[in-house]
Amino acid sequence: MTQHYETIVIGAGVIGSSIAYHLSRRGRRVLLLEQETIACKASSAAAGMLGAQSELKADGSPLFELAKESRAMFPDLADDLKMYSGMDISLKQQGIYKIARNEEEKRELRHYGELQRQSGQNAEWLEAEELQIREPAVSSQLTGGLFLPDDGQVSAPDLSRAFALSAIELGTTLKEYTKVQSLLIKGDSISGVSTNGGEYQANEVVIACGAWSEEVLGEALDTYPVKGECFSVNTKRNLISGTLFSKDCYIVPKSGGRLVVGATEQPGTYDETVTLGGVFPLIKEAIRLLPELAYAEWESAWTGLRPQTRNETPVLGPHPDYRNLFLATGHYRNGILLSPITGKLIADMIEGTPVPEQWITTATTINQGGVL
Amino acid sequence: MTQHYETIVIGAGVIGSSIAYHLSRRGRRVLLLEQETIACKASSAAAGMLGAQSELKADGSPLFELAKESRAMFPDLADDLKMYSGMDISLKQQGIYKIARNEEEKRELRHYGELQRQSGQNAEWLEAEELQIREPAVSSQLTGGLFLPDDGQVSAPDLSRAFALSAIELGTTLKEYTKVQSLLIKGDSISGVSTNGGEYQANEVVIACGAWSEEVLGEALDTYPVKGECFSVNTKRNLISGTLFSKDCYIVPKSGGRLVVGATEQPGTYDETVTLGGVFPLIKEAIRLLPELAYAEWESAWTGLRPQTRNETPVLGPHPDYRNLFLATGHYRNGILLSPITGKLIADMIEGTPVPEQWITTATTINQGGVL
Amino acid sequence: MTQHYETIVIGAGVIGSSIAYHLSRRGRRVLLLEQETIACKASSAAAGMLGAQSELKADGSPLFELAKESRAMFPDLADDLKMYSGMDISLKQQGIYKIARNEEEKRELRHYGELQRQSGQNAEWLEAEELQIREPAVSSQLTGGLFLPDDGQVSAPDLSRAFALSAIELGTTLKEYTKVQSLLIKGDSISGVSTNGGEYQANEVVIACGAWSEEVLGEALDTYPVKGECFSVNTKRNLISGTLFSKDCYIVPKSGGRLVVGATEQPGTYDETVTLGGVFPLIKEAIRLLPELAYAEWESAWTGLRPQTRNETPVLGPHPDYRNLFLATGHYRNGILLSPITGKLIADMIEGTPVPEQWITTATTINQGGVL
Amino acid sequence: MTQHYETIVIGAGVIGSSIAYHLSRRGRRVLLLEQETIACKASSAAAGMLGAQSELKADGSPLFELAKESRAMFPDLADDLKMYSGMDISLKQQGIYKIARNEEEKRELRHYGELQRQSGQNAEWLEAEELQIREPAVSSQLTGGLFLPDDGQVSAPDLSRAFALSAIELGTTLKEYTKVQSLLIKGDSISGVSTNGGEYQANEVVIACGAWSEEVLGEALDTYPVKGECFSVNTKRNLISGTLFSKDCYIVPKSGGRLVVGATEQPGTYDETVTLGGVFPLIKEAIRLLPELAYAEWESAWTGLRPQTRNETPVLGPHPDYRNLFLATGHYRNGILLSPITGKLIADMIEGTPVPEQWITTATTINQGGVL
C-alpha cells in the first residue's frame, strides 16, 4: 500500500534537510528520502564558511542578495536548531580575510572591497603589518588582506545533522538508504515517487540532491559536479581567529585547535578519490600562508562533489513543466551558506507565499525543451 | 566522442571482476565500470567461505554442481591471481564444521551428511568428543558436528581486488565512480551504455551489480537484497583451524588470529546500518560455540547486501530479449564461492563456447513479459 | 640547560589539565608534561556523567561534599572555557535516573533518595508509569526510577581538551610525548623532574597521572586501575533526555542522537582491550532498559583505566614527606565530575590558601612508611 | 606468588618476538612481556625493506655481514612462520633501486655499486633509459639508478605478528599491557622483573624494547630515538616492481597496488605526531620520482621511533655487568631486516652456542662505568 505525505523531499543533505525543517516547522507532514545517510556527501565535506562577501562579488546580483539574507539568518537559526535537536552548530562570526600575495592581488582585492563597501557591506583593507597585528601567526611575507568581518563559519556536518534531527523532532519522517528510481508523473504534475523501498505519494515533491539531482530528475538539468579535496590538521592552540582565504586555498579555524584546509576544483568528475596531487599544492599554500602549520598534526583528507550550474546560479523554484515539482540544487561552494534561505524559500513557494521573482531561477536554468 | 570496447562489464565486485579477468585472459578488450570503488559492497563484506557443501544440499541441483566445480577452481586460481596481481588470496582448505546443538539438529545433520556422501562428497560426522579432539577450543556443550573437509575459505576482499587488478594487468580498463544511467538499445541488442561519465559502446554488455543489478537493468528482474551484519575479533592464537557453522552463526578463522563472525539475514532492505539488535545475537551464539571468544578483542562490525532471487538460483546467462546482454547476479551467500565459475561461464557464453544448458538460468529467472 | 618553571604538572588528563588551567588563571608559569597526548586515556574514555548524587551516597562524607561543590562549578566553567579555548563542553543539565528493575532495587533506591533529600538534595521517586511519561522510550518492564534532576553531563573529551587549551592560552607550556623518569629530590623537597626530553626545575610538582600516578611517584601509592569498557551508538532522534543508570549499565544521551553505554568494572589490570565478553552484557542490559536501542547504529567501543584507591577516596593534597610535591589522583569513576574542584583545591594549596582539612587526603591514603 | 620461566623477553616488537620465536623453537619456556600490544610501535611503522645492500656500505663491517646473513634467512623463515602461525609475510625479492637525480649522485652510486661488487654482491648500474625500461613508470628526468637485485621487502606488521604468534604456538606466554618497572638484581645477575602485573622470575632476561630499552634498563644505554614519518597511497595497478630509494625518500610497492613512502629523520624526540611539514617534502619527492603517484589515492600517514646508537651499530649481546641479562636494540632503520639474525644470535648466546666475536657489541656500546 502506498503511503501518502504532504511533501516529499528527496535528499537529506544540508539543502534537503533545511527544506524539511522549514516545512515541518510550518506543520507540514514531510517525508525526507535519502539514498545513503544524512549529509553523507558534500554537506559533510564542506569547510562551513559563511562567505557571503568572500565568495560573491558585490554586484547586486540576486545570488549576492540571497547570500547576505541567508547569512543573517544564522544567529536565530543556531538557537532554534539547538532547541529542537540539542545540537550546537558552532557558529563563529569572526570574519574572513581575503589574502593578497602580491601587488596585483592587492589591487584586485582593494577594488573588490570598494565594491563591497559601496553596496553597504563592511570590508576593511589591511596592510601586511595590520594583518599581522590582527592575526600574528599569519606569514609576514604576504602583501595584505581584505577583512570581511561579517562573514563567518559553522560546523558543516553539525549544521546538516541539526537540520535533519530538528526536522525529525518536528514530525518529518526520514528514510535513509532509500533511492528514488523514478518520479510518478500524472499529466502536468507529480503524484509521488517510486523507490527501492516502494512507492510514496505526496502533494509536492522537492529534488534537493546536489550533484545527483540530474540523475533523479532526468537528463537535461544543466548542472555538473565540481570535485573538491580538503584536509584537516590539529594544533594545541588557536593559530588564527578568522578564516584565511587566498586564491589557492582557504584555512578555516575550527573548535579545539583543528583547522580545515581546502579545496581543489575539478569540474566534471564524480570521482571521490583524495589524490596525492590534489593535497600537495593545498599543503604547500597553507604552509605559505600560515607557516606554523608545518608543525600541525595531520588528521585526515576527504573530498566532496559540489553541484555547479552553467550560469553559476543555483536552481531554485518550481519546475517549468510540473507545477508541484520543486528544485533546489546548484549551490556550488555556497550550499552551507545558502541552506537557511533555500529552506525558507522553497517552503514559501510550496505554501504559496510570494517570493521575490529574481530568486526563482528554474525557468532560466533548466534546459530548453523540458527536462524529463 | 564515444569509446568502443569489445565487452563492457558493469560492476567491479567479485563477480564482475572475475568476468573481466576471464575475458581479459582470453584477449578481449574489456571496460569494467564501477559506480563507487572495487568491491566496495557485498564482496568485501563477505566472510569468504567456500561452502559448496555447507551451504548447499547435495540434491543434484545445477547450483550444487556449479558450486563444487567452482570450489575446485580455487587452487589454480590462487596461483594465477598471484602471478598477475601479486596478491595472495589467503586460500585455506581446512574444512567447515556444521554444528549440532541438540539431538534434532544432530539428526538433521547426519541426514545431510549422508546425502553428501551419496553424491560422492566427503562428509564426516563427529560426536561431541571427536569434535573437541579436532578443535579443542570448541564448546564441550555441543552435540556434535558434520565435518566437510573439502570446503574452505579465502579472504573475500583480497580475492575481489586480485580479480580486478589481474584484469587490469591483462588489459581491462577500469572506470570507478562511473554510474550507468541507461543501456543503449538498438533493436534486439544493446549497443552500449550511457553513464555519468559519457557513453561507451561495446559488442556485449554484462550486468554484474549484485543487489543493484535490477536498478541498472530496469524494474522486473526478480531479485531482492538480503542484508547481513557481521563482526570481527582478534586473538593472539589460532583458536580453530576449520570454520564453525551453526544455524545461528558462523565463525571463520582468518590469518593472524582474526576471526569473522556472521551473519544476520534481513530480506528486502537496502539499509546498510549495523544495528545493536543485529550484532547482539551473533555475539551470544559465537561465545556459545567458542567460549574463549569472550576474551577476544573487538575489532569492527559491518554489513553487506546479498543479491537473492525468488527461486534461490543465481541469474546467469544471456537476456532473453537482448542477444548480447548478459546477466550475472543473484549469488546470495555464495558470491565468493561462485565467482570463478561465473567468470568462466560468462566468458564462454560471450565467446560462443557451449555451456551446460542447466547452468543458464536467465530464461526462467527473468520475469515473464520482458525486463526492460 | 635546565629550564625553570613555577609549577610542573605531570599528566594532561582532565585532572592535570584542570590544575594547569587553575594555576595559569592565577598567573603561575606552568609546565604541563604528558607522556602521550592530551586526554589520551581515561579522560577521553569517560561517559561524562556529572553524577554527584547518582554515584555517591548522601552520607555526609567529604567526597560527597566535594562532588556537589564541583558539580556546581560547571555552568560558570563552561562559559570560561568557551572564552579561553573557544570550545563548547556540551554541558547538559537534564538529570540522571537511577533505575529499579525489581522490588528490591526499588526499596533500595527509595531509601537512597530519602537520604539524598534529607541532606538537602533534590531526588524524586518515579513509579514505572511516571518514568514512562517523562521518558517514553524507556522500557515499560521496569519497576521505577529515582530522578536526580541536578546531576548532568558534559562531553568528557571536550572538557579535557578545553581545560588544556585554555591553560595553554593562559600561558601554560604543554610538552606531549614527554615521560617523567624520576623526581629530582633535594632533602624534603622536589627540585624538578627528569624526563626523556631532559630535566625541568620548578618550585612545586603535581602528579596527576590517574592510574599511572604510582608509576611516576614510586611504588607505595595505594591505588589500582579499574578497567572499564564502553560503546556508543547513533540514532536519528533523541531517545532520552536524562541519563539512565541501572546497576548493570548506564546510557548517556549525547548530542546529535549519539548515546554512550558503559561500563564494565575489572579491577587490577592495565589491559586496555575491548573484549567480546565485556561488551556483551552491556548491550544486553542497554536494550533491556531502552528497547529501541536494538535499532540503533553501532558506532565503536573503547576502554578506560580508572584510578581507584583502597579506601575509595581520591588522593588529594601535599605529599607527607615532600613539602612541595602534590598528588591528585584516585578519582575512580568521578574524574570528570571532580576535575573543577580538584583543579581549584590544588591551586589553593600551592598558593597557600586555606583548604578544608577534610578534603586533604594524602596523609591517610599514602602508605605508612613513605612512598618514594 | 611469583611465576618462573626460563627466559623473559621484554618487548614484543619484531626483535623481541623473533627472539621469543627462536628460543621457543629450541624448546625454551619463554615469557614475552609487552607494555602495550604486539608490534604497536616502530615494527608496524616500518616499510619493510630488506635493504642489506641499499642501507649499508659494503665496507666489511660486522653490521654489513650481519645484514647479508639475515637477509638470506628470509625465504626459509617465510615458510616456517607460515607453518606455525598461518601468516604470510609477503616476502618480495624484486630488488631495490638506489636513484641518482644528478651527476654527483650518479658518481657516488657508481662507486657505491663498485664496492658492493668487490665484496661479492650483485649491483648493477642502470642509465636513465635502462631504468625506464625496467620500471617504465619511473620519471624520465632521473639520472639513473643502482639496482640491487638481492634486496627485497616484507610486510613489516605481518612479519612482527607472525613471529609473535609463532612463538605463542611454540609455547611462549605473551603478556600484553604489562610494563616492566624494574629488573630484580641479585649480585651479578638478574633474577627476574617487577611489572605492573606482578613479579616474574627467570634464568635469563632479554631487553628488546627498541627506543624504550634505555628506560627499561636504566639511564646510561647510549641510544636515542630517531622519529620517522611515512605515508601510503593506493593505486589500481602495480606501478613499480622494485623499491625506489633516493636520498630524500623511498617508495616501497606493497601488495594490491599499495605503496609506502618514507621517511623523515628527526633524532632525539619521542614525539609521535605526523606533521604537515614532515609529509610535505616526502610527497614532493615521491611525485618527482614516480610522477603517476600524483593520481594515487591518499590512504594514511604514521610515525615510528627507530632506536639508533651513537656508534651506529646495534646493541647485541650480554650485559657486561650482569651475566644473564641480554640486550638487543639499536637496529635503527634495519630492525625488520636484522630481526631473524638477531633472534638467532641471542638464542645462541643464551644457549651457550659460540657466536662470532665481532657480532657481540654490548661491551663497546654500553657506556663506561656500568649501566644500571
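Chains: A, B, C and D, in written order; residue numbering restarts at 1 for each.
Convention: a residue touches a chain if its C-beta (ideal position, glycine included) is under 8 Å from a C-beta of that chain, and two chains touch if they have at least 3 such contacts.
For clarity, every value in this text was computed on a predicted model and none was experimentally measured.
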Those chains which touch subunit B and also touch subunit A: C, D
Listed chain pair B-D, B-C or A-B that repeats interface C-D [over half of contact pairs the same by residue number]: A-B
Maximum centroid distance from subunit C, chain identifier (CA atoms): B
Subunit A and subunit C: spacing of chain centres that average the CA atoms, whole Å: 39
Centre-of-Cα separation between subunit D and subunit A, whole angstrom: 48
Junction residues of subunit C - those touching two or more other chains: 176, 273
Parts of subunit C lying in touch with subunit A, wherever the complex brings them together: 38, 85-88, 90, 92, 158, 161-162, 164-165, 168-169, 174, 176, 236-238, 255-257
Touching residues on subunit D, where the partner in the complex is subunit C: 36, 176-179, 181, 196-197, 215, 219, 269-273
Subunit C-facing residues of subunit B, complex: 233, 273-277, 279-280, 283-284, 286-287, 293-298, 301
